[in-house]
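Some notes on the structure that comes next.
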Amino acid sequence: MALATQRPAAATAQVNTMPGFLKVEHLAKAYQVDKPVFADVSFTIAQGEFVCIIGHSGCGKTTILNVLAGLDTATSGHCFMDGREIAGPSLERGVVFQSHALMPWLTVRQNIAFAVMSRWPDWNKAQTNEQVEKFVALVGLSNAMDKKPSQLSGGMKQRVGIARAFAIQPKMLLLDEPFGALDALTRGTIQDELMSIVRQTQQTVFMITHDVDEAILLADRILLMTNGQELEGGGYAPGGMAEVVVNQLPRGRTRSQLHHLDGYYDMRNHIVDFLVSRAKAG
Amino acid sequence: MSEFFDPYNAERPLMMKCSCGRDHTVAQHQAEIQAEESGAAQATRALRERSETAEFEAYSNEFIEATLMKALFPQDEVRRRFLRAVGKGTAMAAISSVLPVASLQAMAQDKKGALEKTKLKIGFIPITCATPLIMAKPLGFYDKQGLDVEVIKTAGWALIRDKMINKEYDATHFLSPMPLAISMGAGSNAVPMNVATIQNTNGQAITLHNKHKDKRDPKQWKGFKFAVPFEFSMHNFLLRYYLAEAGINPDTDVQIRVVPPPEMVANLRAGNIDGYLGPDPFNQRAVYDEIGFLHILTKDLWNGHPCCAFGTSAEFIQQNPNTFAALYRAVLTAAAMARQSKNRELIAKVISTQAYLNQPETVVAQVLTGRFADGLGNVVNVPDRADFDPMPWQSMAVWMLTQMQRWGYVKGEVNYNQIAERVFLITDARKHMKDLGMPFEAGSGYKKHTIMGKEFDPAKAAQYAKSFAISKAA
Amino acid sequence: MKALNLNLRAGLVSLLMLMLFIGAWHLSTSAPSVGASSAGLTAEEIEYAKLLGKAPGAEKTTGFPQPMAVVEASWGHLSNPFYDNGPNDKGVGIQLGHSLARVAVGFLLAMAVAIPLGFLIGMSPLLSKAFDPFVQVLKPISPLAWMPLALYTLKDSNVSGIFVIFICSIWPMLINTAFGVSAVKREWLNVASTLQVSPLRKAFRVILPAAAPTILTGMRISMGIAWLVIVAAEMLVGGTGIGYFVWNEWNNLSLTNVIFAILVIGVVGMLLDLMLAQAQKAVTYVE
């Protein structure tokens, strides 16, 4: 199966024509005026799409996520969700942080309830509880409802974080390397779970990851990002969106069967090549 | 509530047995109470009974009247001239008709005006000087005047000063020079204070550590560290005078510190000080604790010197003249009782309890009765070791002022007479005499004193102040 | 099982240390001297001895009191703790009541100022730097130094005592609150942001619980200081209170009672701290 990739230009063109749910236009972030970390980043995400972004550390992917979450501002460029400009954090964009960010003095139930109550402050106790229990069950932690985070394993904590993000039923989910701190075994289990939840809820997702296999498993499209680099002979090239890889592997793929699928290795090799040679110099 | 029967109590049936309700006779009730009583309570009762005898009432009335006359005419010569001029009957009538504080005179005849304020707070330092003020409480003298008084033990002289200035106390036990100092604004805001009575005379001593038993001559005291209770105190002035007479400069040859009286004994024991001129009972206490001995009684320095006073603010007197009169009478009655030596032992029992002086009874008794152990192995008998004379002569105030100037506590020119009169005088008799058309010479009516062998003539106060070989350079 | 074993052993060691201490105390102090017989003395000498409290058979305590003497005195005070013989003589229970009341008022006032102010300072680097010099200068001032100023301006000795407690115990709470608030993990604040939590709700539901353990540590330290201060203040100002009790007994050089009072002060201080320690346990979390 031929690899379907899109050049940035094509991607940019798409920005203007697609009725994208999430539109990022010419985003740039610079800490030093003449050396932006990244520049001219543009992409769209359609509703219900699962998009992953891959790149080396320092390319600015977390910054992009923070900008989308409203926790950071770009130096230039705009983001739009559902036609409205993103100007700050919102319950419409749920976030799962790299470290679970659970509040350690609250139980699992209370942590998620906090989110639910933020979203629907007029609900009564019964309604809140119902929502909480539904999403805890979704991540398979019904037994641990009344435990404190310190009593949970790393994987369980991350699942709670996911449950919390899902429980507010946001329009879009932003995940910042959510499985980076987990061991391989746990990671696998949770990836499966995430996939099934996303399918159930038809969630729109934007995720940062280092794991190529993970991206190939989960994503509908994979954005490849380069780092900013000093050029020979002076000058500086900011990082940016190098390529968009469209994942044409069949939906309903599973982790265990992934590597058997046709086209898997082509895609994988392509991405690894990118990371090794083109993503950044030095 | 009557002790015996309770016919006026609407709440209870009138039983012809003891009003406490138990089934025994009144006599049995009394006997029970007496058997349970502590020594202090017994003494209190005995003294109360004595104070209610006709004999004592007559004595105290005369005492008060004499005191009042002294208050009105603090210069004895003036008083005598006045009486010679108009005769006793006219004098009494004239005074009573003219004084704005007419109630002062009425006090001698037991007539009271309506009291402006009945709940009063009076501060005291737990020393024997405060005896009249303190004993008036358990012996009921305040109650008899219709006053509800709380006598409050205070931690130090500075606090007494502050609580008088901020009016937390209505009246208080003072060191005699304090009202002078406060009125003049030395060491605090200037708030006019008045001395109502001098509480006691004599009653202090210079106590030295046992290790100085062989150093009885003050000339040997160079380098010593002494303590006094407060800068503006007779203790400080007398000590300095005594040292100066022996050729020791109190500012340069020795160290004089301010230490609260209760801490004097502890400091002596710890060796922080070599001796102190302090109030009793702390001199006797040092002997009792076998740390020190009595070097000399202040009675032997200046017999009849004032020590502590009972005073209040000028404002209080102006706003509450009747209350002040009642208070005055109560304290004077107590002073009258305290003067009689037959009462002294019982008084010691009453005031040595925890609520007042909180000292072993024998220590207080030795101070008041004047029969005491001197720390050198002798039992000594000095009945006027401490005395209670409420109205000494104005010349004493002048002496204090000269000493204050001598040691630099007061700077500049001092109008001795004017200040002494203002502070040590309750009413300005002379002004009123003039209104009556009875002219006076100001005259040298101030009494002369002999202090440590040197004559003090109040008429020549300024010269006296400058006449000393040793003083603080102005 | 092992924990119980450890606690038991520690308890035994404590007991042993206490007994050693009391034993050493007993051995190094002497029993009250009893007056010698009066045989062979002149009348004057007999009387002299009597005046010094050394009559034949009379007991006179000299020097440092023995453990048993302290126990007896303690029993005396504790068995009748609420008597009231007028303003200068009240039972130890009443005195403690007065002291605790002052501490309560002063401490609560300090809390009411320290925690909100600490919050503000913790959230704002500008305010933090602006307040810092004042805090550093005022913090080390001893209560005894504040007392005269307080008496002069506030005039009432009760109010002055409370003010001195306030001004001395406010600092640990203030500093710890500011620190706790400023050290709240960024990610929790981010969570609150992404959930669009209002500032007030964020303060109470995120920042406060996060900073609570630090705040309570500050409160414990402050309570210790408050208790220390009240005793000193009452010794200076007198009137009522356990500090006044100590001063009154000191006047009488009654070391037995002073020691008793010291023990009471220590025990009550410990109980106060324990109370706050329990509170601290309730808000501590494990990350």
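For reference, chains read A, B and C in written order, and residue numbers begin at 1 within each chain.
Rule of thumb we're sticking to: a residue touches a chain if its C-beta (ideal position, glycine included) is under 8 Å from a C-beta of that chain, and two chains touch if they have at least 3 such contacts.
Keep in mind the model is a prediction, meaning the values are calculated, not measured.
Once chain C is excluded, the chains joined through touch sort into A | B. Closest to the middle of the protein, by Cα centroid, lies chain C.
Farthest chain from chain B, judged by C-alpha centroids: A. The count of contacting C-beta pairs peaks for the chain pair B-C.
Taking each chain's centre as the average of its CA atoms, chain A and chain C sit 56 Å apart. Rounded to whole angstrom, the centroid-to-centroid distance between chain B and chain C, based on C-alpha atoms, equals 38 Å. Separating the centre of chain A from that of chain B, both taken as means of CA atoms, is a distance of 90 Å.
Considering their complex, residues 185, 187-188, 190-191, 193-197, 201, 205-206, 209-210, 212, 283, 285-287 of chain C touch chain A. The residues of chain C lying in touch with chain B in their complex are 44, 47-48, 50-53, 62, 85-89, 148, 151-152, 155-157, 235-239, 244, 247-253. Interface of chain B with chain C (complex): residues 126, 150-155, 158-159, 162-163, 166-168, 262-263, 265-266, 285, 287-290, 353-356, 358-360, 362, 366, 372-373, 377-379.
For chain A in complex with chain C, the touching residues are 69-71, 89-91, 93-95, 97, 99, 101, 103-106, 114-115, 118-119, 148-150, 168.
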